[in-house]
Amino acid sequence: MAQQGTSSGHPIAVLNNDIVHRLPAQSPMLFAAKKEKNLSFETIAQALGREEVAVAALFYGQAKASPEDIANLSKVLGISEEELNKTEMTGWPDRGRQMEMPPKEPLVYRLFEIVQNYGYAYKAVMNEKFGDGIMSAITFSTKVEREVDEKGEWCKITLRGKWLPYSRF
Amino acid sequence: MAQQGTSSGHPIAVLNNDIVHRLPAQSPMLFAAKKEKNLSFETIAQALGREEVAVAALFYGQAKASPEDIANLSKVLGISEEELNKTEMTGWPDRGRQMEMPPKEPLVYRLFEIVQNYGYAYKAVMNEKFGDGIMSAITFSTKVEREVDEKGEWCKITLRGKWLPYSRF
Amino acid sequence: MAQQGTSSGHPIAVLNNDIVHRLPAQSPMLFAAKKEKNLSFETIAQALGREEVAVAALFYGQAKASPEDIANLSKVLGISEEELNKTEMTGWPDRGRQMEMPPKEPLVYRLFEIVQNYGYAYKAVMNEKFGDGIMSAITFSTKVEREVDEKGEWCKITLRGKWLPYSRF
Amino acid sequence: MAQQGTSSGHPIAVLNNDIVHRLPAQSPMLFAAKKEKNLSFETIAQALGREEVAVAALFYGQAKASPEDIANLSKVLGISEEELNKTEMTGWPDRGRQMEMPPKEPLVYRLFEIVQNYGYAYKAVMNEKFGDGIMSAITFSTKVEREVDEKGEWCKITLRGKWLPYSRF
Amino acid sequence: MAQQGTSSGHPIAVLNNDIVHRLPAQSPMLFAAKKEKNLSFETIAQALGREEVAVAALFYGQAKASPEDIANLSKVLGISEEELNKTEMTGWPDRGRQMEMPPKEPLVYRLFEIVQNYGYAYKAVMNEKFGDGIMSAITFSTKVEREVDEKGEWCKITLRGKWLPYSRF
Amino acid sequence: MAQQGTSSGHPIAVLNNDIVHRLPAQSPMLFAAKKEKNLSFETIAQALGREEVAVAALFYGQAKASPEDIANLSKVLGISEEELNKTEMTGWPDRGRQMEMPPKEPLVYRLFEIVQNYGYAYKAVMNEKFGDGIMSAITFSTKVEREVDEKGEWCKITLRGKWLPYSRF
Amino acid sequence: MAQQGTSSGHPIAVLNNDIVHRLPAQSPMLFAAKKEKNLSFETIAQALGREEVAVAALFYGQAKASPEDIANLSKVLGISEEELNKTEMTGWPDRGRQMEMPPKEPLVYRLFEIVQNYGYAYKAVMNEKFGDGIMSAITFSTKVEREVDEKGEWCKITLRGKWLPYSRF
Amino acid sequence: MAQQGTSSGHPIAVLNNDIVHRLPAQSPMLFAAKKEKNLSFETIAQALGREEVAVAALFYGQAKASPEDIANLSKVLGISEEELNKTEMTGWPDRGRQMEMPPKEPLVYRLFEIVQNYGYAYKAVMNEKFGDGIMSAITFSTKVEREVDEKGEWCKITLRGKWLPYSRF
Amino acid sequence: MAQQGTSSGHPIAVLNNDIVHRLPAQSPMLFAAKKEKNLSFETIAQALGREEVAVAALFYGQAKASPEDIANLSKVLGISEEELNKTEMTGWPDRGRQMEMPPKEPLVYRLFEIVQNYGYAYKAVMNEKFGDGIMSAITFSTKVEREVDEKGEWCKITLRGKWLPYSRF
Amino acid sequence: MAQQGTSSGHPIAVLNNDIVHRLPAQSPMLFAAKKEKNLSFETIAQALGREEVAVAALFYGQAKASPEDIANLSKVLGISEEELNKTEMTGWPDRGRQMEMPPKEPLVYRLFEIVQNYGYAYKAVMNEKFGDGIMSAITFSTKVEREVDEKGEWCKITLRGKWLPYSRF
């Protein structure tokens, strides 16, 4: 049986009902099972063999579940595959609509502020390192790690994307 | 004498004149010297003992130069400390105004899109790992790295900030 | 039994139903109990050992309740801990979404206007006093006090946050 | 002769030239003299018998100078009263236009975020304490203080305004 | 028994249901009683000893009812005081949210346009007459009057507010 | 010779240079003469036989000068009619562009807030008094008056416009 | 009995349910009867002695029905006058809120684009023809006509409004 | 020689200099010649064999001049064809940028308001008359006419565009 | 019987329920039948003799169904023509409202970005090829094709519209 | 020597000076040479071996010139390579800022409208054909073609981008 609660000792994340209307129909079902079983995204991510952020994105309808994900979610959440397949999880995610921009949530705003403050700096450095192009947000992965030192806790976010040079045409 | 050009072989980044009106007065002077001497941010960053993104941010007026930075910039750019000190570099940065949000530049938009798509996912994972708080964008550092594998070039951005729990009051 | 009404003699604050859709599910329950028992935020704050603004923020879903808060809220509001724990109060607040910006409410607009008018003045004074950084809104507390003199009533709001200097990187 | 620099040892605040077009004509003249003489707002405020924030607001064109202020500014800055009187300082401030809202500057954004997160909480507490009305932002004063304890530096901002009850009509 | 209909012979104002979601819970109840009894705001205002605009604002949740207002409303509308007191009328109004700005309604847009066109003119004239300050919108009253001359009907709106000079601090 | 200064003893209104780019070419010339001769809008209005607000609007390019106005302005300001006629004063005003909406200036914001808070109340009362239509902002006049009582100074603004019923078609 | 369908042979216009929440309560009832009886706006307009656009505006809650309109609508739609009078049709229209601006609908966008492209051209021509003023949108009528020539079908829209010169005050 | 002034007796329209930065380079030259020679758009339109609105649009850079227009403009304005051909008049208009939307100018706002209020009504009537499509704003003409009756002056604007049915694909 | 699933092997597209409120009433019914029968837009498009994008637009309420479309949809989806005809499919589409702009969905944003980046380039090239005018979005068709080469899969979108030259008037 | 004018007989595209402030410094130089030599983008594109849209994008600063492009541009435009290399053409484009969104230009708006109307339809069809991913706007090419048939001229735009599937992580 899956590990209860988080490894950090903090409570698990559940769904805030006031954004439900921006989420696909499966989100409340998934979060309800998560709450019922008291599962962290870390635990679910291990069951799916995926990153925590990817799994959380899946719960918020921002990523697509593969058939294997469905099978694993079914096991870890105790929802039948049939029921999961009835939802939009078998459809294609309509990404980006769950978040108002600029974000009002202080945690998310800090990420937005980093883009706002360092946007041109990132661009200049990336152009010098890679040439004319972009870092893909599609051929892309991201993770969150916790580091502790004598000054306290640090949050480390890694963004890793394929470099795509502009086509010459 | 400092290394000419970039280690990647791509041309160095210079200033696009159509955003000059959003930048502090020293930006054109710094970029002109950079262009004149054909220096990459990598080279300047080594001379200052700082990260490339921090140095680029400094050129765009988004970070503050310490007296040591001034001394080192003076050497590497060939501008007298006196002249550098006459500019706003001795003042306090007015951050965030160089970038329109949402960003129109495709490279920067991809970073914005990552926040838009994964905002709630990051929040849920970070709350489970750290509790109620935010990752500081002030007690913070960031860097850009290049990785190459058989699939091509990958851009890796690391964001690392102090975790700040909400005060109970 | 808790003190009825406010110490000022003004009626207690209750929930305006037209913002319910922006609030977490527990807000109507908490406000209903507050109304039923005719309790001021001052009284509830004393029961929780917290500041009034923090407690009001908690009712509006803008702050997190600790287990002790839950226990104390249960007592003062007459709602079982079990019932309180079933709500999102055990989740993580999704802050900032209850308020439209710029605020239309005249009382809140005045606070917004202070930021609008004195923003750069605060920044200049704070930079001279503390250097390059920000006052944290997370490691932070605030309170409202009432002062009376011959000219009438005065409202005093105190904002107190940790000073965070920008990291050099 | 006035004290040079700040009492904190941090450099003084000078004018960022990229907002000059939003400021009245006297701002660059005042800031130039401040820079030339290396005066902090603390020092100038003492010379004027006013609060630092008020004086900084005056430099940014967000407050009106009285004839006494002109006389004192003339002395401390070494600009003739005649020259000061030729500027818009003898006119009426056009307040609020120097700041874009929402603010992009991280320091100012934190103040905006406090209003965004705690707006309704302030309102509820203030209504219970004072009744139906607002805290005036006109019959109003504000100050910034620095406090130090074992956890480091703290910034304390006080907002104090006359309570204005809504007229019954 | 109260006068039926308006003194002008025009039908009374009733509630447009498509803005109900922006109004407090008592608005539909108040307007329903007004419609049922065919009462004009003029008639209700006389019963309350208040101005018509104030009473209409009260119906739209933009003003607070005093206990005497409740008693009078109960009589004129035929709703028990108990029922009225159960609503948010005993709470504090959340003002300004019923109206989208810029207003789309032509009648209200004309008022908005007057502010847009004559804003600086009002300011200049008021500064010359009163000095540096504002006309309060809180210590304030307003009324609408009808005048007829040979050219037809004229609408006269009077805005009257306390002059608040800026504090020197 | 015209009266110097204002009758209130407050300084006259002059032009804030940071809005010049939104004004027609004659505004700086008119305000310069007003400043030079130290004339209030009250004095100029008497010379033109018009309301102060109308004259201020004329200075801000929000109203049209008639040939008589030109003649009178020429006398009171000491600018030749020929010079005045060379400007856009002989053209048609491009109204409304001098003011950003929502207004940031606190004095003007208060007027905006009155429209925002009482918009529907005005509409309901006006519909009951006049039927289906609007108060014209074109066939319209406005004035500002100062009233003093034991509570202090009051500002009274009168808006008076022709009632226009909707055509039936 | 009224003519079925349109004279053009195109289907009649019915209500799109996704804008119902922006419309007054009578709109669905009116459109349902129109659909049930398969009536064009042309047919209904003839029954009311009004223009088609006015009648369509009435169905969308953008115009007021007179008692005669109610009587005629009752006949042509087969709804009792009593039932019609129970709705907001007896109230005052809250105009302009059914349409998002800029319009997304291509047909309506083309009208918006005409205002955007030719706005200043209309103004210059109208000022030369009529002086300083506006064309009223209240004392106003409009109609749509169909013209056919060898190039195909043409749509002709006529806007006709009273010219209102600015008052001199 | 061309007729001086307007046939209405109102002054001719000249250029408001505060929108010059939104106009192509030829606009000030064209308006200067128009002012110099005191020509109405009516007179120039006759010289070009075009509608007044089209000619005004041409002056504002919202329409393209043909070689014949250049020849005729040269004659009526007294500017050599060579000089006219040097400007952007030989390029392609960048339409729509001269006007801020929503328009602040009251005259233009009234046109915008007509689209806002009657948008869906026009659509419903046009769909019934023409089917599924739009009225072209490209294969399009418009004119302004003045009508006088016992009630005063009326402005009549005609919009006439080709009906374009949606392609079936 | 119609082909099940897609020819690509990817799952079919179904409806995301969180945009249902922006769609006409028939959309959920059509998508439910599509899901029930597991039909791709390719299959349905073949049954209707139309392009896939046109059919998908029809499902989202962005295109009009002809009587033949209704007949064919009835067959392929197994819904009676009567039931289809009861919906808004017999009305006129209210286009453009299903999509927020700028689009948050990454796939759609890329199309938006192409317009943003290449807008003026398209215009210059099209003006040189066709003169002064536009490509119609009404007399228009579009299709999506899949191409495969050694570098992988390519998506080819074709937009084809009638060229409409501006009328001279 | 390069072909003069366009192959269509329409005049060549030149620079509209009112967008110059949004363009990089080389744009006016490039367009001036294009105008001087009367060269179409078709002619320049042939000289560079690139697509017309790409070359126009290069002139507007929306694409990067390679050393070969510089050499070819130098020849066809008659500007020395040294002079071209002194501009930002050797830097990295800051894309997307030349265009306001939503676009006001009718030609560009039509492209925007296509995205607005068909956005979800494209997405559904592309998901069925390719799975979960996007069409790249970076590994991308586009072209404009002219087709003529008995109905007149048709504009065909092709967008071709690499399909990028979302990474599983």
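Observations on the model:
When the chains are written out, they are named A, B, C, D, E, F, G, H, I and J in that same order, and each has its own residue count from 1.
Keep in mind that, in the parts below, a contact is a pair of C-beta atoms (placed from the backbone, for glycine too) under 8 Å apart; a residue touches a chain by one contact, two chains touch by 3 or more.
What you are looking at is a predicted structure, and each value in this text was computed from that prediction instead of being measured.
Traced through touching neighbours, the fewest hops from chain C to chain J number 2.
Taking A-D and A-C together, the pair of chains sharing more C-beta contacts is A-C. In a homomeric contact, the two copies may use the same or different surfaces; for chain B and chain J, under half of the interface residue numbers are shared, pointing to different surfaces. Separating the centre of chain D from that of chain J, both taken as means of CA atoms, is a distance of 48 Å. For the pair chain E and chain J, the distance between C-alpha centroids works out to 55 Å. Chain centres here are Cα averages; for chain D and chain E they lie 36 Å apart. One simple way to say how far apart two chains are is to compare their mean CA positions; for chain D and chain G this gives 53 Å.
Touching two or more other chains at once are residues 11, 13, 19, 54, 92-96, 99, 101-106, 109, 113, 116-117, 123-124, 127, 133-134, 136-138, 140, 142 of chain E.
Inter-chain contacts occur between A-B, A-C, A-D, A-I, A-J, B-C, B-D, B-I, B-J, C-D, C-E, C-F, D-E, D-F, E-F, E-G, E-H, F-G, F-H, G-H, G-I, G-J, H-I, H-J, I-J.
Residues of chain H that touch chain I in their complex: 50-51, 54, 63-64, 66, 92-94, 123-124, 127, 132-134, 136, 138-143, 164-169. Across the interface of their complex, chain B is touched by residues 11, 13-19, 100, 103-106, 109 of chain D. Only residues 6, 8, 10-13, 19, 40-42, 52-54, 56-57, 59-60, 62, 95-96, 98-99, 101-103, 105-108, 110-131, 133-137, 140, 142, 144, 146-147, 151-163 of chain C touch chain D when the two sit together in their complex. Across the complex, chain G is touched by residues 102, 104, 106, 109, 113, 116-117 of chain J.
For chain G in complex with chain E, the touching residues are 21-25, 61, 88, 90-97, 99, 101, 137-138.
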